[in-house]
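Naming follows writing order (A, B, C and D), and every chain is counted from residue 1.
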Amino acid sequence: MSAPSSAPSKLNSQNHEESLSRSLLVDQYQSVRHYSERLCSPLQTEDYGLQAMDSTSPAKWHLAHTTWFFETFLLKPYASDYQAFHPQFEYLFNSYYNGVGSQFPRHQRGLLSRPTVAEIYQYRQYVDEALCRLLEAMPAQSAADIATRLELGCHHEQQHQELFHTDLKYCWFQNPMYPALSSEPLSPSAPLAPLSWQSFEGQLQQIGHQAENGFCFDNELPRHKQYVEGFRIADRLVSNGEFLAFIADGGYHRSDLWLADGWAALASKAATSTQGPAPLYWLERDGQWFEYTLHGLVELDPNRPACHLSAYEADAFARWKGCRLPTEFEWEVAAVAGDTNGAHLPTIEHSLLHPQYASNTKADITGSLWQWTSSAYSPYPGFKPAEGALGEYNGKFMANQLVLRGGSVATSPGHYRHSYRNFFYPQDQWQFTGVRLAQSL
Amino acid sequence: MSAPSSAPSKLNSQNHEESLSRSLLVDQYQSVRHYSERLCSPLQTEDYGLQAMDSTSPAKWHLAHTTWFFETFLLKPYASDYQAFHPQFEYLFNSYYNGVGSQFPRHQRGLLSRPTVAEIYQYRQYVDEALCRLLEAMPAQSAADIATRLELGCHHEQQHQELFHTDLKYCWFQNPMYPALSSEPLSPSAPLAPLSWQSFEGQLQQIGHQAENGFCFDNELPRHKQYVEGFRIADRLVSNGEFLAFIADGGYHRSDLWLADGWAALASKAATSTQGPAPLYWLERDGQWFEYTLHGLVELDPNRPACHLSAYEADAFARWKGCRLPTEFEWEVAAVAGDTNGAHLPTIEHSLLHPQYASNTKADITGSLWQWTSSAYSPYPGFKPAEGALGEYNGKFMANQLVLRGGSVATSPGHYRHSYRNFFYPQDQWQFTGVRLAQSL
Amino acid sequence: MSAPSSAPSKLNSQNHEESLSRSLLVDQYQSVRHYSERLCSPLQTEDYGLQAMDSTSPAKWHLAHTTWFFETFLLKPYASDYQAFHPQFEYLFNSYYNGVGSQFPRHQRGLLSRPTVAEIYQYRQYVDEALCRLLEAMPAQSAADIATRLELGCHHEQQHQELFHTDLKYCWFQNPMYPALSSEPLSPSAPLAPLSWQSFEGQLQQIGHQAENGFCFDNELPRHKQYVEGFRIADRLVSNGEFLAFIADGGYHRSDLWLADGWAALASKAATSTQGPAPLYWLERDGQWFEYTLHGLVELDPNRPACHLSAYEADAFARWKGCRLPTEFEWEVAAVAGDTNGAHLPTIEHSLLHPQYASNTKADITGSLWQWTSSAYSPYPGFKPAEGALGEYNGKFMANQLVLRGGSVATSPGHYRHSYRNFFYPQDQWQFTGVRLAQSL
Amino acid sequence: MSAPSSAPSKLNSQNHEESLSRSLLVDQYQSVRHYSERLCSPLQTEDYGLQAMDSTSPAKWHLAHTTWFFETFLLKPYASDYQAFHPQFEYLFNSYYNGVGSQFPRHQRGLLSRPTVAEIYQYRQYVDEALCRLLEAMPAQSAADIATRLELGCHHEQQHQELFHTDLKYCWFQNPMYPALSSEPLSPSAPLAPLSWQSFEGQLQQIGHQAENGFCFDNELPRHKQYVEGFRIADRLVSNGEFLAFIADGGYHRSDLWLADGWAALASKAATSTQGPAPLYWLERDGQWFEYTLHGLVELDPNRPACHLSAYEADAFARWKGCRLPTEFEWEVAAVAGDTNGAHLPTIEHSLLHPQYASNTKADITGSLWQWTSSAYSPYPGFKPAEGALGEYNGKFMANQLVLRGGSVATSPGHYRHSYRNFFYPQDQWQFTGVRLAQSL
């Protein structure tokens, strides 16, 4: 994790500035924490505990684990008189930090009816109060470290805010009552513009986070050179209508379009499925396609971006189109180039929890759905994870996963970066994932 | 299902008697229904949804399914103007009645956060009111059928009251906080009397339910002859202390004591276990044994009955002792013989949710723990299940399971019978199951 | 195992008789041993090593394991100067006798390309020679034990002769070239006579092996009383044509006909199957049914007995017919009653490796196919297995399996008994198993 | 697949040259074909059929499949009067070419006792004769295509020659008799020289096959630019002794050294293993380490290269050393740079079937063991697979696998290239895989 640009000044006479800085940290912290709780407001108590597969976690667990993160990496090392809220929470809410200790088995998180939801909220309040006390009273010599870790903790919680949406969606989809998180109906979409392309000549490029852009995760560093051959990339995401044409053309049954592992995954999925192959959350009933969304079950709209595709589906679709997925370097080159005015953060209307094409194409490309790239998630040249348990944040997952770029309707405000490297396994479908086409020139 | 002894009279002039009978039915019904809800009173909302393995169901599901049973088999056929509470509940809360329709997948019951607990209680109230109206207004020609089905429904709900306890215990055991259902502490036990035997000569016996004893399930019929060779049977259950001696003697590691399938089950369990083999819910910490109970985690008391044993464990222990498990016929012969005064219903103190030896030995034998028999669960000669979906109640499970006899601390008052045939797979451990030794003479 | 009726005389002066007895033992032994090798004569070297599922063993392994049995239980304890053929064979060819030592994993037997087939035949010859020397020179005090174990070893090898056929058939079925063991074509069958019934009044019966009938396995003892209610039983097995009618009537899709475990087994099998449900070895191609036999792939003949059914299929068919499977006691009562002249051994033409109806109905009932009974495989009252490792022969399998009675085209000559108790799991299909219907009177 | 450099001339008058070219093709073909059969000469018939896991194929299948390749891609399209040897072989011996048709299930290849080994050799001879006839009579217009496909077929067969070794080794390892393929003993190794490093400055590099070097697979193309940052790379492979030090230091138990997926793989492997974690084929007995080799079971020699490591083990070891695995680009840069005289083909003594350090270090680095790189197996920029079924050769596997570079003792003579991209899943251990360390400068 890089040091945040807002690290406290080292000048000991500037008390006012320091106080201001502390106040900013507290604001940042509370803003992120409140956002998590606001997201949960439509939930019933029963919804907080759902875990429909090993990879998803209950909402309750997300609320507790993000709190555990601040307790473990800030309060325990820096708040000298801090008393842990509960002796078993270190074990129960550790996700995967072996350096901290052993963990309650991931696939059983949904079995923790206790602590209750109310107790988790008490835990959050307890830690929040202790943390604000720490921020107000932190000694100068550890202020920079605390600020760095606080910023990391806030971005960490934002990642779990996105997972809150995707995990809940997967769990609710198992319920034939198809609950909705948002009570607002999805509005009909406008006709879709034809896809056009943006071209780039081959050249040596600078890839990775630029220090002047503030915070980033360690996996976005070091900034380094990549030779990127000439390519062109689509100016919008693939639509439901286009994916329906792929299905109608027998795309799921043409082995020549599929990576061998993807073809095998289709076969094993077919063995347990009651309908033909389709993207996750698509349901066919009497010849009509429906899609489960966080606004409930709706008719499939051909003029919305196709989402919840695996990388195998994305890749097969691209091949069917005579195209391919972009590399993560191509994606970043295009994103940076398209960003002439620096306003790269899409303004996402957060009551809208399903992707639609934006009138502002730029926002659509970067922020409506995560986009599979063909790049394996691996370290940038010279990558160094942090020392200690915090070093387990990103580096140890650099195997078998692919990089996704962009952001989605479930991404929290302020969490987007062109250099951001999200990563999932190619078969994963429960994130908000879509396809952006590319071709070599 | 046999006709209940309290079937309404056919004499149309005896209005008073009929009215009394209706009132008794309503009382019986309400008593059973209230008991289910009283059992749940210590639960938090979060506890209602737990499902830790495919074989267990959430408390919420038990509350709904027993209601579904009355709705499906009484209200829909007999209450002409009945409106179903919710169109999807027929699918969601059908357990395994293929004759009624398809079922929500059993292993996913824990994923139904909706309907909420509050909605399930509304469903219960709605059905209860409709059912009481039906009972008060039932036409004479269907009164006998209704009464028969009502009695079956009540016994069905009592079975789920027992499963409520065993399923919840299994689910809570996954939580290292080890929640307790009862806040009363377990009192220390008295020293254990030496085991003594009761002997029976070989002779032709009558086995099965006797009509004068009231209600029974179809699998307890027909009453029929069995030649039972001479045997003797223990006057109390095997204790924790005795089972500890089996472990200390290497009983889990002596293949000669185990059925081949049991030995294989031990091996596959060892592959995923972090401690040595032991009964379910036993935990060893620093050389001290503990036991998880519905009163919380307690030190293992050698003077209590050993429970939560699989039939394989029960059988291996018996062989180690130079004994064997009784057949279900031997068990019934002994139970009937021991019951000189007809008071065969054990008076179970229901705030006590863990077995202990009774001062009254007779009650202990029959009602503290279910007792594995060596008898495969199969039809009695001439067995005929009911017509239609209700015929799926017992008969279709007559494969691969063993009969257990007796009752347990989790059995509801009034649900015990000497002729009762409970059945589980030999590897099952989550019921309140123990061992009673027998020998051939 | 009971003592054979041919146990050597105890009179020490009758040298001639003793010598005769030794010579008979040698003859019996050599006859069984040669038969095993004759069965293998159509095999290619490559066929000897096949293992298509955990439950089947390679032909090579059967040849070695039966030899191991004689080496372990006769030569090692009784032939004082015996040198084991190979130090690793005790481990490699022990099947499941934990009392002898650990075993090479069962599911990997097909991976033992070494020792080669030729080496296994050398092993057989080496043990045969040593055993004949032992029989000729055995001291009087151990002669009875040796004769008893020899007889057991011969019957054990006959059991493996049957498994040789069923295991090979299962393995070859995986090969789309469908090899044949017999080059003789199956002749067309005669039209099928209508089924008729044999009735028996309810009464107390004697069940189990009678000492005067010579050898039996321990599980056929003790002879004991069973009260058997009135029943009737079919005079022939169910035919392919009758089972086709069951399929045509939707029998595989009517849940009311199936035991719950059988219904679940159908569902999980359907998930991996490319054709609709049918008995093992049945193949449908363009609307025409074929059957794989040890004579190759042939058109399904409606006038042959239906075989390779699971107990679930047998039970569902019987229920569809308004009948049920017989208990093992009923079966034995009928078999003994039908056997007026003592000639209960069917004369099976052993070049015929697929069942057909015999002109002599009696032989057909008992010896053409093993017949599922509804009886769980459990100990007779007072059952005592032998001491030591030989006690692992039968008793430890008395869980989860069903008894089959009769014999089959793959049963070796001289191996049939009315009291014989074969046992397999209800889902097993690779034995020669069929259905004989019964009804309660 | 690129066109071979030896493609026939287009000048129609140069008959002599053309005839010479045909003769060279025949020689190349026969040389490769004979080599496959020579490799099999130590096998017993029984060894040809072994398949110990889904990923391995029987020796017999390798012999047949490579023949199928020539039959399918040369004889059927180009030899107009060719009669297929057997109608079912197209199905039985197709590996994964969906474009050709469906395939016999991979995991069941070990169940094909028929066709016999002798029949497979007849198949080879039949195809060889037909192919030589084709080569002698091929029309000018298809000569270039035929020559191209022939060369591909020869390289394809060489790949299977390597798999013959690795698959057989894995299968034989399951047999506690530990058969040896080579009867020559492994000679003791010399003391190991300390590891030294070779450094490279960061610069733009050309990566991929150079046309002047003759044949290559399609995945080595197009040659393209990569910016490779400064790095250094070890001059020899990691030794057994060094890996023993890793084990002794608790390397298998330090989660901080392992990729998350590797750590999970360790845990699931531990659940079924009877000894502590170690490389595949290592056995510990009474504190002494042994290693299974194709020369039999031998004491582990600390001065030989460590082999049969997964990529996870390789990566953890490198991290323990403060190093990392090289990228495939670094590896190629170093290999090309070290190769001043063009003699890049290691002269492997093929009676030696286990790696040892060469006196000539260069050969050791490139040809003794395949070396895991950190590079995901993905397409080079502009990669285009061939049209039709032959396009399934390499491209469809570009997911989830890692690139290995080099060659091994099991690689056939003439099959090595600096640009060669071998690929396996990170958990795979049964190839001859080792570790070469790298560091960023």
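Rule of thumb we're sticking to: a contact is a pair of C-beta atoms (placed from the backbone, for glycine too) under 8 Å apart; a residue touches a chain by one contact, two chains touch by 3 or more.
Note that the coordinates shown come from a computational prediction; the quantities given were computed from them, not determined experimentally.
Common partners of subunit A and subunit C, by the touch rule above, are B, D. Ranking all chains by how far their C-alpha centres lie from the centre of subunit D, first place goes to B. Here the CA centre of subunit B is 60 Å from the CA centre of subunit D. Subunit A and subunit B have Cα centroids separated by 47 Å. With each centre defined as the average position of its C-alpha atoms, the distance from subunit B to subunit C rounds to 39 Å.
Annotation for subunit D: no residues touch 2 or more other chains.
Chain contact summary for the complex, subunit A toward subunit B: residues 44-50, 52, 88, 91-92, 104, 108, 110-117, 171-172, 174-177, 179.
Here subunit C touches subunit B in the complex through residues 96, 98-99, 204, 224-227, 229, 255-256, 258-263, 311-312, 374-376, 378-379, 381-382, 391-392, 396-400, 426, 440, going by the rule given at the top. Residues 271-272 of subunit C are the ones that touch subunit A when the two sit in their complex.
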